[in-house]
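Presented sequentially are two complexes of subunit A, the first with subunit B as partner and the second with subunit C.
For the complex of A and B:
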């Protein structure tokens, strides 16, 4: 990656016409001033945004009421069949309906998000800037049933051109990750984790290349997982994404292709899978603060058809 | 976290019990490791109950005291 430095001006007069410096316009890369990379867990962010939309089944109604620029309450109703994990190949669905109440407080330095459901499950997230570079993030799911709750806390340190993170979780989970910008477009990172409960440990590496038009990422882990993704931003409104997941231990291979259209009045995301699964999510803006959502997921292999519709009121 | 403490302390406690049974009463009945393990478990359970019931009220209290102060009526009415 050595840059081509143009010859000094005094010699241009004597320079033969056949020899021209080819990359005179390229700026010299300042390796001491690289941009800060994105966090290691968000390395596949663009691909996940396009390929993993929040598909749902049934009716969904979300109402967010802002009392303050910083403080908002939200009410959410979800009615529909939910899948329960079953050993047999056919999917078992149970119709459920629940109401969720939530409160958000967003400050530049402190973010608190809490959601509580009618069955007593609390979903809490805290993000606190302890100093300019150190961030504490914590998320918890608390339930009334014993031994079903879990908490995860992480300390993120943001350096000049690197980020490092240390994670603690319930069930004796420890993790650490580090990502470093190597050139203005490439960043490399790695992570390790250790669980006490299942007595497992693992190590993984990730790499990300991005420029204005595309993002390519790759990740390997000692659990046998290989994940490659490529996102191409075709224009301001359209981006196409593809992803390839390979699990060496379970010999599972999945390839996914998807698109993301961000138009003035709507956002349409769709994907097609090598497992025979086709999905799409449409969010249409009817008015200021009023969104209409349609979701569809058709799994041809398992013959599982999910359709959902909903409305979101408020920001 | 309680699982990790339990795994470590169980090994320590069984060793201690064997040692104390063999050595015929070198230390008192409830060992210190067991006491620490019980107190941390009790503390974690109480903290979980407090977080479960108190997190959303905490957010509401912090939000109602932030500027510009919203009124209580706005909290309850839908619009």
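For the complex of A and C:
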């Protein structure tokens, strides 16, 4: 199993000290004062934010009303076709419509989020700061159908320049991960997991190189997955991202390229895939607290076209 | 004579062989001319060229459709939004210059 390490290029600014001796000298790296790294599950955070927007099909309407600085209620209506997995290559879509009611409680130390849908599904999330460095996160999904509910809890410990996490899940799922800052720009991490239900265990490694202008990450897992991503911040408003996924078990290779434009009145994300998928999501701010969303996804290979529009009212 | 093409399931049309027996001298001469090898080759080349051109046109059409719809989904909203952002910043610049110049313009009048 190969340990993936992204190229540790010399990141600290090497100024041409020969020309101007008064220029800032190369900063000495203080290895005892490294910054705290990003949590291991968010190692690909920038790439996922740009390349995996929440594309949807149909109508989406969200209304969030804050009753308190800490407490808010939300109502949400979704109408549109949903795909059901079918054995034949044709996609089967069934029109569905449901209403979702939710409540959020936000505190600096405690966060509670709950959502319930008209088809009987309940989503709940808790994030609690047990102490300054220990965080408990838990999420549950309960459904009407038997054997489809699951609960997951995780304990995160944040050290000075490392983070470690221990995860428990329903169905006898155990996982642990650890990530450490090696230099001010590079962090390396690893994870192990064990499922009791399928009797599977796995181990994975990840690495992340962070700069002011770009982020490069890589992840290898013993499930045969290799994920590489690169995000470049071209300017304050524009960033470009690319991702490469290789699955050794199913011999699946996917490359994705995308852009993310954050302008004053809108946010536009577009992506194009090597599977022949093109998608775009536009979130435009019409007024204070009023957002208009347009989503488009075209799959040229399967000839599957999905378009959606929606509005988000509230902060 | 018909030749079977493997790809695409398209095959050239079957050419029925015309009979030489019966008919007058003119019809026999005409049939011999129409069955001469040169004309036969010419016909085959022409139909092959038509076949290839049709396939090329179809694939160009498909490629143009894919490129067109992808451009419509990815690039057109981008152009529209960038144009709006530019208009907004121009407006702001105008406002800023207007507000900036008015106190200095009204100053020497007092």
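Here, the second predicted complex is superposed on the first by the 291 of 315 C-alpha atoms of A that agree within 3 Å, B and C clash if a C-alpha of one lies under 4 Å from a C-alpha of the other, contacts with A are read in each partner's own complex, and residues count from 1 in each chain.
Methods note: a residue touches a chain if its C-beta (ideal position, glycine included) is under 8 Å from a C-beta of that chain, and two chains touch if they have at least 3 such contacts.
If you're wondering where the values come from, they're calculated on a predicted model, not measured in any experiment.
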If we overlay the two complexes on their shared chain A, which of subunit B and subunit C does A:153 touch? Say first, second, both or neither. neither
Considering only touches as defined above, state whether A:36 meets subunit B (first), subunit C (second), both or neither. neither
If we overlay the two complexes on their shared chain A, which of subunit B and subunit C does A:186 touch? Say first, second, both or neither. neither
Could you say whether A:255 touches subunit B, subunit C, both of them, or neither, answering first, second, both or neither? neither
So in the superposed three-chain picture, is A:214 touching just subunit B, just subunit C, both, or none of them (first/second/both/neither)? neither
Quick one: classify A:280 as touching subunit B (first), subunit C (second), both or neither. second
Going by the touch definition up top, name the partner, subunit B or subunit C, that contacts more of subunit A. B
Touching partner for A:296 - first (subunit B), second (subunit C), both, neither: second
Between subunit B (first) and subunit C (second), which, if any, makes contact with A:225: first, second, both or neither? neither
Contact residues on subunit A for subunit B in the complex? 63, 65, 67-68, 70-71, 73, 101-105, 107, 112-114, 116, 120, 122, 124, 140, 142, 149, 170-172, 196-197
Note which residues of subunit A are touching subunit C in the complex, please. 259, 261, 263-266, 268, 270, 272, 278-280, 282, 284, 294, 296, 298, 300
Subunit C contacts subunit A in the complex at 66, 69-70, 73-74, 77-78, 81-82, 84-85, 88
Residue ranges of subunit B touching subunit A (in the complex, touch as defined): 1, 3-4, 7, 48, 51-52, 55-56, 58-60, 62-64, 66-68, 70, 74-75, 78-79
